[in-house]
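In the two complexes below, chain A is the common chain; its partner is chain B in one and chain C in the other.
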Partner chain A sequence: MNIFEKIGYYLGFDFVINALIVGVLISLCCGILGVFLVLKRYSMIGDGLSHVAFGATSIAMIVGIADMYLMLPITIVVAILLIRMTNRGKVKNDSAIAMLSVGALAIGYLLVNIFSSSANISSDVCSTLFGSTSILTLSSLDVWLSIVLTIFVLAYFILFHNKIFAVTFDESFAKASGTKTSIYNNIMAVIVGIIIVLAMKLVGSLLISALIVFPALSAIRLFKSYKLVIIFASIVSVVNSILGIFISMLWGTPVGATIVAIDIFVYVICWCIEIIKQEIKKA
Partner chain B sequence: MKILECKKLSIGYNEKAICKDINFEVNSGDCLCIIGENGSGKSTLLKTILGLNKQISGKVIFEKTFNKKNIGYLPQQSEFQKDFPATVKEVILSGFVNKMGFRPFYNKIEKQKANEIINFLGINDYQKKSYRDLSGGQQQRVLLARALCATDNFLVLDEPTNGLDARAIKKFYDLIFTLNQKGMTIIMISHDIEKVLNCASHILYLKDTLVFYGSKEEFIQSKLVQNFRSEAEN
Partner chain C sequence: MQYSTIINMQNTPSKYINKTFKIRGRVGSNGSAYHYMSGTDATNCCNWSIEIRVVDSSISYPSTTNNVIALGTYKSSKVNGRTSYYIQVSDFM
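Let's look at the complex of A and B:
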């Protein structure tokens, strides 16, 4: 079988189609959201939250309920608290986020080891951390949840594009002229929480930040307008994820790590293009 | 017509007062310049007036007829803004956000007003450029344009000439003066006493407490000018 026949063969399976749908939707959201997080200097918050989500999954594993029901509320609440604390200057440095993120990771792993009844703990944990198989075992609930949430996120970002820009670029200006910035920050925190929980299925909790940060940084290197940065970041994010999913199916590489590797590769290319552009300008 | 009055205002952070007992008022058409050393609470005072910082005690009273959404604020730039990927147009138009309600996009009137402001401030040459590629003086002009989109009568400027070269500073003050002549009410923080004496109508001098508030003429007669000049030199 050549590559295309192989791809055709895989596309015949429902779980592959599901993986592709969810992969595309999640990376689309991550790309858009990443621009906001990177520009607001919130990248580390995304990273910290993904570890909190891991801690929440561990508890769900032990209690034996579907992880979404626990992960989603916990991550959202922590996201709101973190963004609020950062805005009020109460989290003065990265160390608070570092403590939270490593703490959640350690406690989560510890709890799973002590209480879990599963026969194969390390494979369970590995799957949550690196997302190795969860993207291929999606339930129809996961798929529908991704679709609904993506529509919600897209609608929000399109309808409130100009307001989100104003609040991202200069919160004190927006607030001084009467925009209720805390509402936008809270909605954003909820979206961050939801997307991180969904993205865990795709790349696992350790790699989520890569999915969020790399497409945005690639786009920021190349484009001068906020609108184009967002559009390019979402395209890059989606294309990279599709490529990553196919490559991992064809060569049996882990999905999450493959997608992130492609993200890094594209980022380096964008960086090079930027340098070349600057050299041409100078000349 | 009175727009704003501060009564027995104490300002600061985390319950700790930087400056106490501030009393003053701003009337329509005034150009109030706030002067004082670094750390005397000038920026904090502006933030308190704008509701970005909570006062420790006292009152900030806006006239009932004044719409608080009609404030054009030019804050000090944060580090990350300087390399923000946004076009000049995007930044300027974002000044209208407060007036849009749930309307998602800018309308024709707003786009046209933005163009008028761009012409007035002489931004035409670089309006298509990216904000991060501009010089400091150009960036300040763009932020002033954004503030003018947000208001047509009340500007609040926090050290607008910080980091600009002498030529850009002069141009900027000329603009402020012109705006004020046209009837714009302005509150501004400044270090440059000579420029302030040119364009201010009122002076507010802070140092632990309110040292002086009054008209420019009273300030010149009060000998505080000499004090301020000699302090600035030291």
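Let's look at the complex of A and C:
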């Protein structure tokens, strides 16, 4: 079988179609969200929240319920608390994220080891941390939840893009001109929580930051316009995820790590293009 | 893909019944009637296993230490009210 025949064969499996649908939706949201998080200097928030989500998954594993029912609400609540904590200035951004990140990871892994009913703890943990095959073993609930939540996230970004832009670039001015910035920050926290939980299925807990950060940074290297940065980041994120899923299927590599490797490669290409453009301008 | 496919076969078996599969892995046995194949995923941290049955008397189970490819059909059987799923092997390669 050549590569195209193999791809055609794999596309006959509905779990592959599900993986592609969810992968495209998640990466689209991550591409858009990443721009705002990078500009507001919340790049590592994805890391912190994904570790909190891992802790919640561990509790769900022990209790024996579907992880989404626990991961989503806990991650959203922590996201809101984290953004409030850093906005009030009592704990600095990076310290708050570091505290939550390592604490949740350690407690989660400890609980899984002490209380787990599964004989294969390392596979449960490994799959959640690295997303090695999670995207290819989605349930119908996972797929429908991803679709509904992505529609909600995209609708928010499309309907309120002006306010989001104002709050991102100059929050003080937005507040002074009457915008209720705390509401927009809380909604953004909810959206970050949702996207982190969904993205864990694609790349796992440890690699989520890459999915959020790299497409945005690649776009910022090439474009100065806000609209173009968002469009390019979304396209790059989606294309890289699709490529990563196909490469993983064809050559048996872990999905999450493959997608991140492609993200890094594209970022380096964009960086080189920026350098070349600057040299041409100087000349 | 093999790991994902087997997990999906076990999660939603009705979609895969009577379909033919080629599976690579190690053959194991409980010493008597029960035989299975097992293997790992791409990161070597997650394991899969699936029961295999040979109905054709001319085919024998390979040694349990071998890494083999089994060709067979995904079937189900009901024993004491409980449904189990297995690969009915037609050939080992």
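Just so we're on the same page, the second predicted complex is superposed on the first by the 282 of 283 C-alpha atoms of A that agree within 3 Å, B and C clash if a C-alpha of one lies under 4 Å from a C-alpha of the other, contacts with A are read in each partner's own complex, and residues count from 1 in each chain.
One rule holds for everything that comes next: a contact is a pair of C-beta atoms (placed from the backbone, for glycine too) under 8 Å apart; a residue touches a chain by one contact, two chains touch by 3 or more.
These numbers were taken from a predicted model, which means no experiment stands behind them.
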{"item": "When chain B and chain C are modelled together on chain A, clash or fit", "value": "fit"}
{"item": "First, second, both or neither for A:Val229, with chain B first and chain C second", "value": "first"}
{"item": "Which superposed partner A:Trp144 touches (first chain B, second chain C, both, neither)", "value": "neither"}
{"item": "Which superposed partner A:Lys175 touches (first chain B, second chain C, both, neither)", "value": "first"}
{"item": "Partner chain in contact with A:Gly252 - chain B first, chain C second, else both or neither", "value": "second"}
{"item": "Partner chain(s) touched by A:Phe130 [first = chain B, second = chain C, both, neither]", "value": "second"}
{"item": "Which of chain B and chain C A:Phe13 touches, first, second, both or neither", "value": "second"}
{"item": "Chain touching more of chain A, residue-wise (chain B, chain C)", "value": "B"}
{"item": "Distance of closest approach, chain C and chain B, by C-alpha atoms in Å", "value": "39"}
{"item": "Set intersection of chain A contacts, chain C complex versus chain B complex", "value": "none"}
{"item": "Contact set on chain A toward chain B in their complex", "value": "39, 41, 158-163, 165-166, 169-170, 172-179, 219-220, 223-227, 229"}
{"item": "Contacting residues of chain A [partner chain C, same complex]", "value": "10, 13-15, 120, 122-123, 126-127, 130, 132-133, 136-137, 139, 248-249, 252-254"}
{"item": "For the chain C and chain A complex, residues of the former touching the latter", "value": "1, 3-5, 7-8, 11, 15, 41-43, 45-47"}
{"item": "Sites on chain B touched by chain A in the complex", "value": "47, 50-52, 68-75, 78, 80-81, 84-87, 90-91, 93-95, 97-98, 100, 104-106, 129-130, 132-133, 146-147, 150-151, 156"}
